[in-house]
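One chain, subunit A, links the two complexes that follow: it is found with subunit B in the first and with subunit C in the second.
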Partner chain A sequence: MLRHRSSRSDARDDAPFALVEKIRGAMRLAALDPRAVALGLAPGLPLADARARIPELVVYDADPAADLRWLERIADLCDRYTPMVALDPSDGITLDITGCAHLFGGEAGLVADLESRMHRWMQGTTGHLRHAFADTPEGAQALARFQTVPAASEDAALRRLPIAALRLEPETETALRRAGLRTIGDLATRPSAPIAARFGEEATDTLARVLGQADSRIVPRRALPALFFERRFAEPIARTEDALTVIGDLGEEAALVLEERRKGGRRFTARLYRSDGQIRDLSVESGLPLRDPALLVKLFSERVEALADPIDPGFGFDMIRLAVPSLEPMMPTQLQLEGGAVTQEAMAALVDRLSTRLGRDRIHRFAPRDTHIPEQGVLTLPAVDAPTPAVWEKPQTGEPPLRPLHLFDPPQKIEVMAEVPDGPPHRFRWRRTLHDVTRFEGPERIAAEWWKRPEGTGITRDYYRVEDARGHRFWIFRHGLYNSEKREPGWYVHGLFA
Partner chain B sequence: MADSSPSLSVLRRRISHIEQQRPISEGVQISTGHEAIDTAIGGGITRGCLHELFALDPDDAGSVTGFAAMLALRLGGGILWLRQETVQKVNGRLHAAGLLEIGLDPARVIVAVLPDPVSVLRAAADVVRCPDVGVAIVELWQRPAALDLTASRRLALAAEASGVTVLLLRVDAEPTPSAAQTRWAVRAAASAPLEANAPGYPTLKIELLRQRGRPAGGCWQVEWDRESAVFRPADRNADTPIRTAPPGAMVSLPRGGSDAAPSLVPLRRTG
Partner chain C sequence: MSDEPAFAELVAATNYSFLRGASHPSDMVSEAIALKMAGIGIADRNTVAGVVRAYIALRNAREKAAAEKLPEIPFELVVGARLVFADGTPDIVAYPATRYGWGRLTRLLTLGNLRAQKGDCILHFSDLLEYTEDLLLIVMAQESDGALLYQLRNAAPGRVWLGATMPRQGSDRRRLARLMRLGQASGVPLIATNDALYATPAQRPLHDIVTCIREGTTITQAGRKLAGNAERHLKAPTEMARLFRDCPQAVAETKVLLDRISFRLHHLNYEYPHEPVPKGWKPQRWLQHIVTKAARKRYGTDLPDKVRKLLREEFDLIRNHQYAYYFLTVYDLVRFARDQKPPILCQGRGSAANSIVCFLLGVTSVDPVEHNLLFSRFVSEERKEPPDIDIDFEHERREEVMQHIYHRYGRHRAGIAATVIHYRPRSAVREVGKVLGLSEDITARLGSTVWGSFSSDMEEKRYTEAGLDPANPAIARLKDLVGQILKFPRHLSQHVGGFVLTQDRLDETVPIHNGAMKDRTFIEWDKDDIDALKLMKVDVLALGMLTCIRKAFDLMRDHGLGDNDLEISLSSKDKAVYEML
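And then the complex of A and B:
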């Protein structure tokens, strides 16, 4: 287990140390360093007992959230070996290196590379690294945690592990131990049906998975991208421009494959691996499927320019990966008869560029929504998401505009002189100006969506279209019916007409 | 004559070469549907130019937005509407149902809501350079320091090169020097009442404050006809109490369309 060592001046370096956690009302040891283990302490022991036995024990509070963050950073680091990385909380990471190990000189080479990176990265912290290879993730996890002596074969090593390596429920584990089954080998030699009947199917299933008799896969932390291309550098590169050039090269590789498959991507993610283990993700989106490397580089440079905190290359990047999370059909570009590509594309490229630079929520299109509540009747969707324009219902011919051009959100409160209980407004004050109503139409009554509310009621709005003496047209409403819904209904201006 | 003609033709070729650098988007004029306005501005709103629309009073924001939407509808093409976030919060968001009531299909509109005037202008520069955009509407309130003569000149040049029409909406602002082709002031006007004294069709009072290369002046009261998408003169009985200036009939008299011909065919061989 890895722990950050906090800098406490009075702590002696050679003193045994432990992390404590409050479990069921008592401070108990959560993790120990090897010296503390050698002194006979064990996780779960109350802190008072531990102190009584070893007075010089150095104690820190455990921080599981920080441990998880640390673990995730290590998982990010491991991402360079294989995209199939899974967390094995609270202190393990499982990699599926099927077909990857030869790239690093076999399993031994991969481990050596990983260890050298981890040692570089873990400077200033205390921690131990253990690893194991097995046919199934469960087997590898069990070996990494519990193997103490080398064995002739993987199967023999697994069979020698204690029952605890199965990581069953504590009750099942105790029951197995009471039955005299101490190692996995003991359990494996028994017929499985009685074991399943007595200790639950979980015990036999886990056993089969640990021993590699049943197939088992890891669930990667991130969904695997449909395509990815990567480049490693013998010497880390430090300039952002160089990184963008490499992204362009990878984009060209991607374009070849995409063209072959007649596909395009609407999302591209570039992951920059810093040599000290930090990772920076950049992603761009486009409204239409895309595979043109030039456009891709343009989008990425927009992205880099728009970053609030610039990319810090540190000692340089030693690997860059470009991933296309999902593919979409994209036919070869059609040319127009009079020359030039189909015009929709330049507009889409513009929208992509603006969305990348300014944020996808800032550039939007309208989409209708089936509700009569005015402020909810229009959805604003990011324009990159909605490349196909929505269809709107045409207004009735001959009618003047019944809905305003500007809609206030929230509606603005006004003081109104109107007949009680349900007369039209005569005069109102909005933004410290009096407006005399010369023409009005209404009310248009819009009830609340009572069928969606648990209490089955809501406040009705009476909308009036009014025009003041200077010709301004407003959309104002009375919020609530006199006495039946509200004692003193307020008035609001909700919009402005042309 | 004989020795002057080769140098003359060389000169002409050079002139036509220079003129080819800038696409001939000038002269593509879109009629407003209102005869008097069209004559005053030489046939209609010029495409690929910068036009400024002013609402001197913030209460007229609805009217100037409507006028911009109506012009954009007549100009055609995709519309990119650039707005400011603070304005959106205080003065209301653009309502798609309202655009539809003007006759403008909201599916044609893409709205960009940006944090400050500088980013609005920067995005506008990108938008105006994209030839597939029909109309770019740049909405700026009050007087942002970033909008100076240089900025408007830059927009105007980009518009000329790409053929995008830029409508610069200035709400709650006073006109300043700019590179605009035309400059308008828009105010709300009383509408002709419908049955039971209901507010009628959108009625605007628009004034031509300035235009490049032509005499300015003229003030019209117009009503928007959604079904045929034209401006038409507002009913007289409706606007009599409001009107302060006579309609711009006097402007239409000296222009009979005769001056439109030479500007369209500038290089006619006479010898």
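And then the complex of A and C:
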């Protein structure tokens, strides 16, 4: 646990200091420095009272968002110990170090390492760090916040904590205190059923979790990647090129595991831990599942080159982690006997490289869209995105295609002689040439998407596939139903068949 | 008139094809009349739940025309069902030609219903082959379904048609030509239809909405799950003739099929079950016999004039309306309850319950002579509704009575009526809002302005109450569509206790469904439908207060205050009681 204050130039160093917050309509003290505590102030006191008592009190507005950002950065720092890191706002961080403390010389070693890093990292600011270990997150949180004297065992220490350590709703807490239950031990010795009936299930549930009688896990602030590989360095490495080499090495490790599982990844994230606690993330994406380390390094170096603000190694990186957030099936590929690349993959690799270099929004491809409106049947997407589920209708074998190869955008107006009200066209003039319709099929009636029109239902189109005397085929439509939608519907040619 | 082609739309769905049809049965009928069709055939998906509504709509239209001295409407309503199969067979629309055929259809549907969970119907093509007698069948086949067509033609020779549509999907004429070839090859005539799902093109947005609700998607994501156009509405005979230019005989065939159907819904002659009347007795005589006997017992052998007069009046009324069976059936139930050890308390109520006949039969405990109640005031000659008696039983023991009914009349002759669950403002706003892509908090806010679940309209002020601007296009659209979908049926449920009893098999009158409760079956018509068709319904209801009274009586007996039942004559002038109140 950590308390901090940002150093401000205008604050007198020796003056007591407090952060204030508007609570229940009044400005009240939210956090205090040790000097202010020593003068008898306490959080929750109205600011006016505090000012009356300590006129020289220096006051700033509390900034919960900034506190949270600060907490996130400390959590980043803790990421090196375990990926299971959870925030415990406003001032705590919980780590699940099951099975990984020995890497840092046991629990004590881990704390020592963290303290020295914090110290280095927060040069100049005063920090106050409290820690505790327990079987459950709630237990550790209670101990870290409320333990004052050491106890023989974890359980004994927990039982000695005040009820407040359960962090229940204020009403429940007051009710428990009024009932004469002052410590967790008081509560734990009572039978749980009456407690639950009187003070709510929450009280007994929390108690069980704090005492480790109920299983409880932390929810890590980031989803755990499906796979990750990391390397630590006794001597920090200071060059970006070296970091890329390490990413390549980690990529090789990853490739082995991925191949074994017949999986590939579409996103890879490299996280560079600077020795002073700063963290830099690099991500690359690919259109098809991927596991080739050489390709991976290529993508990462494209990424590094394309960065707007280059990587600053500072005093060097002392840890690099490569993560694959999610796995996708990827079968081993059979190389062709006569040589030559597998074209789809080569294409995908090109798309990946271009998208990484130029930016994912600069390389597009066409994708089908599920709609009846012909000109909206296609849209462009960033090329590295996964394919959309919609598919174009496949023409039935033996049937003539219902859609032309070429669409005009916008459709081109024509003059038409046609039967009223909804008969086929007989003859039309397009680009100053007269075409006599010899054969036609239709209409295919396509109504407008009414939900996109603020008023009315929109204009319906009647599409005809027609063939003129010279054998050219056109896709033309009448825009509007005769009389009911338009008095004189216009005609357009929307596309050409081969 | 003569140059106008005769056409009847014979494949018309209503909103009883839940979440597929987008018009009320009554709207379909009135639109068809307005279009001067020769008739309409209502066929919903595996159900006949909506047909009575259509029947009522036509009857009302006829009565209105008669009242205004307009010429009679030359229009026929035929009713059937669109059989949707679980085995991939194309849909087949079945119309019973006769009363017997109707029974075959309802039994076929019952078979499918009882095979499935509540609300579903599982039919196979082989089932239909067992029940084809007197059914006229329209196969909504593709060009590739030739084999099926041959099989069906052999099973029902001369009673199979091939349904052809012109949905304006581009290749209509080519498709029609192929169907014509198929029809010629198999000797099955083509019949023109528009496979209508709604009355007018204006219902397309609503149809898109219900499609989205059915598919669980939103309007912007539904894509080609929605229909591409608004063509599946009822079309005028001239327009159908124009569409079927290549095959005019298909249009003419609709009249042929229509004329072959002699069955009309009012042919469902209701027959009361015979059990309540002993052999050798006429119901009216038997009723008079037991009522007079009871009267003598109560008022002495020499009946007072008032009673005599009242009895004569009521007997006349009952004879004129042939209600004797009804009273006897109710009496039968009440007697059963009274004869139990210990007896089940019961109490009749409703308009007809105020009669001296009911009092003497023990159905009610209120003496109409003493309280000057007039039975004839409620069942009058003008109101052609059947008498209405609800019987309340102790709620803890009603199940005994229900099981008695099943036991006495048999499950094939007794069924609980349905209740149609409609869209209510809250559910309508929630579901339509979801489809239109409005966020949950907006629909929740709107829904919360509706108090209770029973208000059935969604007024404009609700929208302003929720802080939404009715002039906003998205809100205006929501308001419009919610207004349209309100009162749409959502699904069928069972009535609390309305029993329909018949002399013959019930499932030859109306299809039967599995209820959500074990051992309960219900028919797919609700009380309005039952009234319209003049079927008899007895309401077997549960009343907690009767259980309460029963327990009070038990306590009184235990404390030596004597045996009591509901027939005690209470003094309404007991001072102590008033003071307690």
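By definition in this document, the second predicted complex is superposed on the first by the 367 of 498 C-alpha atoms of A that agree within 3 Å, B and C clash if a C-alpha of one lies under 4 Å from a C-alpha of the other, contacts with A are read in each partner's own complex, and residues count from 1 in each chain.
Throughout what follows, contacts are C-beta pairs under 8 Å (C-beta built on N, C-alpha and C of every residue); 3 or more make two chains touch, one makes a residue touch a chain.
Since the model is a prediction, treat every value here as computed from it, not as a measurement.
Peer 1: Regarding the shared-chain residue A:R266, is it in contact with subunit B (first), subunit C (second), both, or neither?
Peer 2: Neither partner.
Peer 1: Figure out whether A:E441 sits in contact with subunit B (first) or subunit C (second), or with both, or with neither.
Peer 2: Both partners.
Peer 1: Of the two partner chains, subunit B (first) and subunit C (second), which one does A:H472 touch, if any: first, second, both, or neither?
Peer 2: Only subunit B; A:H472 stays clear of subunit C.
Peer 1: Check the contacts made with subunit A and report whether subunit B or subunit C touches more of its residues.
Peer 2: Looking at subunit A, the partner in contact with more of its residues is B.
Peer 1: Is A:D370 in contact with subunit B, with subunit C, with both, or with neither (first, second, both, neither)?
Peer 2: Once the two structures are laid over each other on A, A:D370 reaches subunit C alone.
Peer 1: If you stack the two complexes on chain A, which partner ends up touching A:T380: first (subunit B), second (subunit C), both, or neither?
Peer 2: In the superposed model, A:T380 contacts subunit B only, not subunit C.
Peer 1: With the two structures laid over each other on chain A, which partner does A:L402 touch: subunit B (first), subunit C (second), both, or neither?
Peer 2: In the superposition, A:L402 contacts both subunit B and subunit C.
Peer 1: So, does A:R274 touch the first partner subunit B, the second partner subunit C, both, or neither?
Peer 2: neither
Peer 1: After lining up the shared chain so the two structures overlap, which partner does A:W392 touch, if you call subunit B first and subunit C second: first, second, both or neither?
Peer 2: First partner only.
Peer 1: Can you list the residues of subunit A that touch subunit B in one structure and subunit C in the other?
Peer 2: Residues common to the subunit A contacts of subunit C and of subunit B are 390, 402, 441, 465, listed in rising order.
Peer 1: Can you list the subunit A residues touching subunit B in their complex?
Peer 2: Within the complex, subunit A touches subunit B at residues 343-344, 346-347, 349-351, 353-354, 358, 362-366, 368, 374, 377-378, 380, 383, 389-395, 397-398, 400-409, 431, 433, 438-441, 465-467, 469-473, 495-498.
Peer 1: Which part of subunit A faces subunit C closely enough to touch in the complex?
Peer 2: 369-372, 390, 399, 402, 441-447, 450-451, 454-455, 457, 460, 462-463, 465
Peer 1: Inside the complex, what are the residues of subunit B that reach subunit A?
Peer 2: 59-63, 65-67, 69-70, 78, 80, 91-102, 105-114, 119, 123, 126-127, 130-133, 187-191, 193-194, 196-205, 224, 226-227, 242
Peer 1: Residues of subunit C touching subunit A in their complex?
Peer 2: Touch residues, subunit C against subunit A: 168-171, 173-174, 204-205, 208, 219-226, 228-231, 436, 473, 477.
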